[in-house]
Amino acid sequence: MMSTKNRVKVAILGASGYSGIEAVRLLAFHPFVELAVLTSEHYVGREVAQVYRHLAGLDLPAFEEMRPDLIRGRAEIVLSCLPEHAGTEAIRELIGQGVRVIDFSADFRLKDHEVYKTTYGREHPAPLVARQAAYGLTEFHRSEIREARLVANPGCYPTGALLGMLPLISRDLVDPASIIIDAKSGTTGARRSPQLEQLFAEVNDNFRPYKVGNHRHVPEIEQEIAATLGREVAVMFVPHLLPINRGILTSIFLRPRSGTTAEDIRAAFESAYAKARFIRLLAHGEFPELKNVRATNFCEIAFVLNRRSQTLVVLTAIDNLGKGAAGQAIQNLNVMLGFDEAAGLLYPAPVP
Amino acid sequence: MMSTKNRVKVAILGASGYSGIEAVRLLAFHPFVELAVLTSEHYVGREVAQVYRHLAGLDLPAFEEMRPDLIRGRAEIVLSCLPEHAGTEAIRELIGQGVRVIDFSADFRLKDHEVYKTTYGREHPAPLVARQAAYGLTEFHRSEIREARLVANPGCYPTGALLGMLPLISRDLVDPASIIIDAKSGTTGARRSPQLEQLFAEVNDNFRPYKVGNHRHVPEIEQEIAATLGREVAVMFVPHLLPINRGILTSIFLRPRSGTTAEDIRAAFESAYAKARFIRLLAHGEFPELKNVRATNFCEIAFVLNRRSQTLVVLTAIDNLGKGAAGQAIQNLNVMLGFDEAAGLLYPAPVP
Amino acid sequence: MMSTKNRVKVAILGASGYSGIEAVRLLAFHPFVELAVLTSEHYVGREVAQVYRHLAGLDLPAFEEMRPDLIRGRAEIVLSCLPEHAGTEAIRELIGQGVRVIDFSADFRLKDHEVYKTTYGREHPAPLVARQAAYGLTEFHRSEIREARLVANPGCYPTGALLGMLPLISRDLVDPASIIIDAKSGTTGARRSPQLEQLFAEVNDNFRPYKVGNHRHVPEIEQEIAATLGREVAVMFVPHLLPINRGILTSIFLRPRSGTTAEDIRAAFESAYAKARFIRLLAHGEFPELKNVRATNFCEIAFVLNRRSQTLVVLTAIDNLGKGAAGQAIQNLNVMLGFDEAAGLLYPAPVP
Amino acid sequence: MMSTKNRVKVAILGASGYSGIEAVRLLAFHPFVELAVLTSEHYVGREVAQVYRHLAGLDLPAFEEMRPDLIRGRAEIVLSCLPEHAGTEAIRELIGQGVRVIDFSADFRLKDHEVYKTTYGREHPAPLVARQAAYGLTEFHRSEIREARLVANPGCYPTGALLGMLPLISRDLVDPASIIIDAKSGTTGARRSPQLEQLFAEVNDNFRPYKVGNHRHVPEIEQEIAATLGREVAVMFVPHLLPINRGILTSIFLRPRSGTTAEDIRAAFESAYAKARFIRLLAHGEFPELKNVRATNFCEIAFVLNRRSQTLVVLTAIDNLGKGAAGQAIQNLNVMLGFDEAAGLLYPAPVP
């Protein structure tokens, strides 16, 4: 194992939220990095273990205030887990300092700033910086990510959806005019902040759709499909809230091109993911389960081509905090720094 | 309230399973019936409250052996909660005795015995009796149910799916060639029997699809659509297992006919359900939630017509043991016996 | 059933919280009362069904502002579900108007205002009114409750604890110097307000004790034991938070008096609860389960006298929103108004 | 990291049950061992990843039949996760072959074979072998474990209870005549086998005590207290079933010796656990939570000395599959083989 002094120093901004603390948990055991700076709005000055006792016993810096000038020289790469808008200024400043950044927010994912404005209701806060951002869906953008100063880490829903369809769209195996996505997420997809509708008694023993057809992740999904396809598409997206902490299971319904066979589909996935360390393409008859990816960076994928109804369904499972956030960010960090892409990310899910 | 001696005597076969005991719980407070006979394979001779203490203090007969000859003269109407095939012979005999029957199994739901054979892997056990069966989706078959000697109570998934689309199909507002159903069910949709995959630790903290595209409820859904439409259709159906006891939430994705407006859709639902006591058509922007229908016979329905993707999604929520089984059976019993259709069924869900 | 015009008019203050809305749900089907006024801080002017859709279809007044002067003449009896201190002034005014009140808060439970001050950190807000309050543990205070202008509805933990031991203490079967209570509650024991520690992801898949040895319900428990015993006692009380919506399961560990037999204990319970409609004293070998009392006013009680360790454990199960709050309040209302004590309260738990 | 060829070869018998597969998951990432043999009754011939997909991608042997003769020469140390009685013969044979064994069952925990007979209803199956067994509560028996040919890995409930009281008993800070234990366990404490009472719908939304006062773990707890104390004791033990997969939270109520202070108690724990890597003694005001130890070998301990009631409560949290089974077994393996005691066991809990 690399000695501590040679490790790459990493800062995490907003490290006390759900995705931030998951990044801490994962990076604390990463063989090639050192957690040098952790910032938190609510817990400045407190030791991590005072707030998150499951991380007791690890050698971690205390939470500090988020001030880009204080990070200068203390970290080569920054993971920003700050919410939309909140981190933009800091990211701009850090990039200016030559620090590389992986941003968990949606700020730098959308290329088209008109779409950004429509979706988020304001002008893009940093359009010049945005131009430099690589979209961090690792399996499809490795070479840009490797060189990028700024990586826009994908949304959790887009990750689950895009991994299930980009290989089919790029091979023209399905009709992109008829994409329907029915997704189900655990509650940590929302921020760790007090909200009535996130109380235990409101979520437990319940299941409900929300923002049907107009979730903010739709433009992100459509942008990546369009980039693959070379033209605009419109998808139908229905998210739901599961009574579960972690995980997103996504059904993607697609109309296969006439003549498309199950073998074609399998071949497309196998080809696209031949070197993908975190994709589990399941055997015929197996289906994804959230438990198998919990607390990991893995993505399970299965599909069924239903001849009778002329419909293909692709099913994917990820952990929204893993491949949907912190896991993928670390996978991107590994790519950016030239490490083994799977470094620190192979520990299996605790089942049951 | 009706005095006990004038009440209609009811027998429940297989009363100790999940749907059977729910029928007991509901009928114990029904104003016009008396529970006269309860049978159980596993608990013969035991008082109900010895097995199900939540029913202690009620005046209920003990569980007894299921023998049609012993029911003669003791019940005018029978709810059979026995599994497929297990109750067929008894039902034939009871009908022969002039007893009316509401059957919870799939035995008498499929009109086409070739489809039955393909689906269940054997010849239909009682084709002559089957001819007399009314399909018990109350909102659409009241007049046949009123006269029927035998009512085939619908499956839980078909109930959630059909209530969300039949009004649209009958008005030709959607293209029936493109029906996609993504459904999520609580665990009591499966029988109360020891199975590894139903253990708490296998289901909790997990979510998974199963029988993708080939669930046994597909032919039942297709049959009812075809009966409405006048021609065959094929639907894509993906069921999932929720970590929750009760409830089915269904997304139905439909391609609207060119020119179909949201007003058309709302009008179709309002017209179809003008007199429906258990359908809650939600306002624009509201979505179904399982908690609101738990332990009730209600069905919540909402829809979103997404112009961009040319897709309509209808969302429905029912309790699989309520409107999906025992609740609808009692609704049918009320219709058969000329009672107020909602008698005994209006007590609201316990929320939270 | 009583015609609407003869029904007793009831107001509920704070009707949109967890215990308030449970009182609404239960009283909406009560045969002898009419819900005339519902107040809510957050939802003034909104229909109940807009906030709580599970109550759609019932004939309920809209939520209104809490103003005692507006209640005058509109209700004979008031259930106040307002938090500690928030309702005191209103209750004083209502009592002055001759309206009878059942208060869910802790304000009028403690007889000793020094204890109140120590426990709640301020002077008692209405000591003169407090003198008129009956302690609403129905099974032990029926005659005072019947006459009371003000009933202090017991806390949820005290209800679960006291029902399990008062019969034994009053017969001197146990040593009151050695009472240990280990209690486990669902999350609706806390108010319906946004708090980080009540978020789904913080409670789910977790279990934890809190306020060990110094919960505010301790003085209430000790007061009632002391009143039974005629002298002061100190109990050890450890509450826990269960990942469940409703229910409190309580273990009460007691040292039996030398010579006390299991028969003595059973006889004490049977005698104390001979006429108690909501107490289920379980048979030897049976143990309470939360599911059996969910959404009801029932309390299950069992005990084991362990000779080897010279220890008696009594186990009780209640629903914290039922017998622990709204259910018991309605039981008290029934007593106060001379109704059948069980009116509106016999509907069984939905199991599973 | 050690190269593969120098690693110690380990066999796991009954590797497909809940504790067995957890041992596989943990050992797959252990730096000094190699999983050489995995047996399973139900899955002979199947790859681990076919049954447990969360372990896909790891280099693991397929499940094979459990035959001690086939293990000869292939493993230096064996973890037996077979149930009581089922593994006795194999263990005897393996020990005879010079293989060291860590047994997860209760077979070799009880020193007194009369107690064994009373508890398990039959003669001890291998009394001679039993004499060689060390009791594997690592923190208290390191030196015996280091030399042992056979380690009886403690029960999950005894682990949670004993870690919370042995330091106090050995220093005579509490009265051993008054020990009360109230424990709450997740469902994986029971075997992975189809049982009605373990179905999701029976456990979810429920909480219940069971085997009150007569659980089979009582003699094991009493034996270890007696060994510490030098005389017999009788404890009162009440276990409960939590609607959670993993974890045991234990309340231990003790009567402090006159004069015992909170400082004495803290000092006793600090002294006993000065070198314990997996014990987290919490600060005053902090309490154990199951989430913090989930999927780990850690044990959280806190205590409250309540002067008013003269009662001390110690609260402990472990994962029943971690410190309560597979984790502790690997900790013992590390001790037996002279490895760092924490090797392979430091990865933190996934929270939330």
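Order of writing sets the chain letters: A, B, C and D. Residues in each chain are counted from 1.
The definition used in the following text is that a contact is a pair of C-beta atoms (placed from the backbone, for glycine too) under 8 Å apart; a residue touches a chain by one contact, two chains touch by 3 or more.
Because the structure is predicted, anything quoted here is derived from the model rather than measured.
Under the touch definition stated at the top, subunit C and subunit D share these contacting partners: A, B.
Steps from subunit A to subunit D, minimised over paths through touching chains, total 1.
Distance from the subunit A centre to the subunit C centre is 46 Å, each centre being the mean of its Cα atoms. Inter-chain spacing, taken between the CA centroids of subunit B and subunit C, is 37 Å.
Here the CA centre of subunit A is 40 Å from the CA centre of subunit B. If you average the Cα atoms of subunit B and of subunit D, the two centres end up 46 Å apart. Listed for subunit C are residues 18, 188, 201-202, 204-205, 243-245, 289, 291, 294, 352, each touching two or more other chains.
Residues of subunit A touching subunit D in their complex: 1, 18, 21-22, 25, 28-29, 52-58, 188, 205, 245-246, 280, 282, 286, 289, 291-296, 300, 346-352.
Those residues of subunit C lying in contact with subunit D across their complex are 178-180, 182, 184, 201-202, 204-210, 212-213, 234-236, 238, 240, 242-245, 247, 249, 251, 253, 287-291, 294, 302, 304, 306, 308-311, 313, 315, 317, 352. Contact residues on subunit D toward subunit B in their complex (touch as defined above): 18, 186-188, 192-196, 198-205, 243-245.
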